[in-house]
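Same chain, two partners: chain A is paired with chain B first, then with chain C.
Showing the complex of A and B:
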């Protein structure tokens, strides 16, 4: 121990009450905040002998409440049947303009705007024997006006959720040329 | 006089000869196209010789610059397309329109509470029957698979393996009314007007 410590009146570690005011070690550990949570592409698992890989249960329709409630129902059902749900996200809404031809004349007039909403429930490692039962239950409970689509998850599906980057693609094309 | 004439003639001839020789010399070289354009051809032709040295370096510089730009762009992570469903419209934030909750009488609130209880009971029985049906189906499946296993191992493996031919599986929801026979739909078309986002 350096001499300076013994000479001063400050008593550190020799005192029995050393560290009496410590509380930081009792607080829960706060992880360092990341600036931006990068959404990284998870590795898509391949189907094994008894289980499927990653499946996307896609629910789409014009009526938002029906689509939303049906997707919530599917999520609850899967969690009840111990099926692992990776993600539950929404795809961007598509707006469609309905143009109708006038009865007298050749002009088209705008009838209305239809919005197609889509919700995706991502399931991974589901048993192959459970799939037909699940499909049966989903079909029985499908509401009107809602389309169900079960497909395998691909990288293209994942990339479709992101904004297009024309500058990046242009640069890559230039470098390749 | 005749001698001077002779000398001048000889000079003319020699000059002509020299001219012709220079002309001949010019025509031998491929750099000079014609007599008239003698003066302009040399400096013009010298330019491409200079570019040959700098070209590969310039190309390298351009490529490096492009690669640096690419690195900078790639560092920025891609953004998700915002979903219009989840963005509340500005009208909802208007605080001038407020509706107070209606004041209910005692009987009304009691009736509503009883109704909620009835509804929860109904939904519970519905959920219970659904789960029972699922469990029965699973049990039947398990028994069938056990029997199949005793029969043959290969068929059991084939039955348990996942079926990828069924994807993509699509099904439309039921309709209230069947489609009308011989229905003439009005002419028209659909235009996709979804907003395209670029980063």
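Showing the complex of A and C:
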């Protein structure tokens, strides 16, 4: 009887098929989900003698299909020419109401609503020698009714994308006062 | 696309790494001049035997889009038809159908207007009335004409061929001959080549052209040797650097017919000499 207790050879760990069903070690390490951090402004690179820093190519217009297709064309052109495209985003649509004055009377009535769409393609580290070529190609392929604007990216441009939080600002003002 | 640059590109990189940048220099041509100036200082009074010129390639960009070819027209119609067939009805079209159904119901004898829902304001203005008003307004609208009425062959007007981009050429006398060239002027000490090009544009007699320069880097290069009799000691010939600019003001002052020309890319060969044309063609895009 004591023999059975002594003869404890745990063969299963030395079996060649030990651990045959293991897969957990193959999955990617799932980090614990962290809370969303406040979106920091990326460091805006300064321009050097041969390269521009960060440029914003803004395409705006009333016709959405034209604006959208033109911005896609710019994006594809830049990636084809190996120009680094940081981001490609859209700014909120602005609606303009066209009011027409009535002939007999002082009241204005609504004639129509015009929506201005805007798309921005952000380019960084663009060589100064390549810039004139790119600018010329963009200008020559600009469709009718679409405005093109190339300007440098600033902190103010980045902040303009966020919505204002009036309650938070009111509370902060109250705390300070 | 990098082809027009291979000539100028390599020496520029060398300069940027060797000379220290001067403060606010974004100006590649500025450091180039620095390099040649340094050369002058080190080698004594041995100036380069080539005279430098700055030239400007002013382009009037196309104002209207190009006309479609027959195949493009047919394809466009086909795509529009397909899109129409696949689309859903808009709010306006639904209202039209509703109004038509209501009309037909009104004609019947056992019509009871109290049974209608949401009927209050639509009695006054139906969707069809709105559509008629809109059609009227559309008929009153006159779009601008596409050609502006200028003769397409009149080379001195900058309003010709609104669908293509035009380049400005001037007739200048070089040596003993009168030649058509891009506006160019000699470089002076102490200015960048881009400023030379701006000066070349401003010095054109009679024309008040405002142009935006696209960059500090030249887009092309041409060198020619002076004929033997003009070659003084030291100067072998001239090197011309071209800069690109886009016409910004559209003032049409009447330019003298024989000295200015606005030409398309394929008309360049009627005006320029073959060697010059070969270099100029490399950087002009006919898109």
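Assume the second predicted complex is superposed on the first by the 138 of 177 C-alpha atoms of A that agree within 3 Å, B and C clash if a C-alpha of one lies under 4 Å from a C-alpha of the other, contacts with A are read in each partner's own complex, and residues count from 1 in each chain.
Going forward, a contact is a pair of C-beta atoms (placed from the backbone, for glycine too) under 8 Å apart; a residue touches a chain by one contact, two chains touch by 3 or more.
From a predicted model like this one, the values you see are computed outputs, not experimental measurements.
Should A:170 be classified as contacting the first partner (chain B), the second (chain C), both, or neither?
A:170 sits against neither chain B nor chain C.
Who touches more of chain A, chain B or chain C?
B
Which residues would you name on chain A as touching chain B in one complex and chain C in the other?
The answer is residues 47, 49-50, 81, 128-131, 133, 135-137, 139, 143-144 of chain A.
What residues of chain A sit close enough to touch chain C in their complex?
Interface residues on the chain A side: 47, 49-50, 81, 128-133, 135-137, 139-141, 143-144.
Residue numbers of chain C touching chain A in their complex, please.
Going through chain C, the ones touching chain A are 1-2, 5, 8-9, 12, 16, 21, 25-28, 31, 59, 61-62, 64-65, 165, 214-217, 219, 244, 246, 285, 287.
So in the complex, which bits of chain A are touching chain B?
36, 38-39, 47-52, 55, 61, 64, 80-81, 90-101, 108, 111, 113, 115, 117, 128-131, 133, 135-137, 139, 142-152, 161-168, 171-172, 174-175
In the complex of these two chains, what residues of chain B are touching chain A?
63, 66-67, 69-70, 73-74, 77-86, 130-131, 134, 137-138, 141, 145, 157, 159-164, 167-176, 186-199
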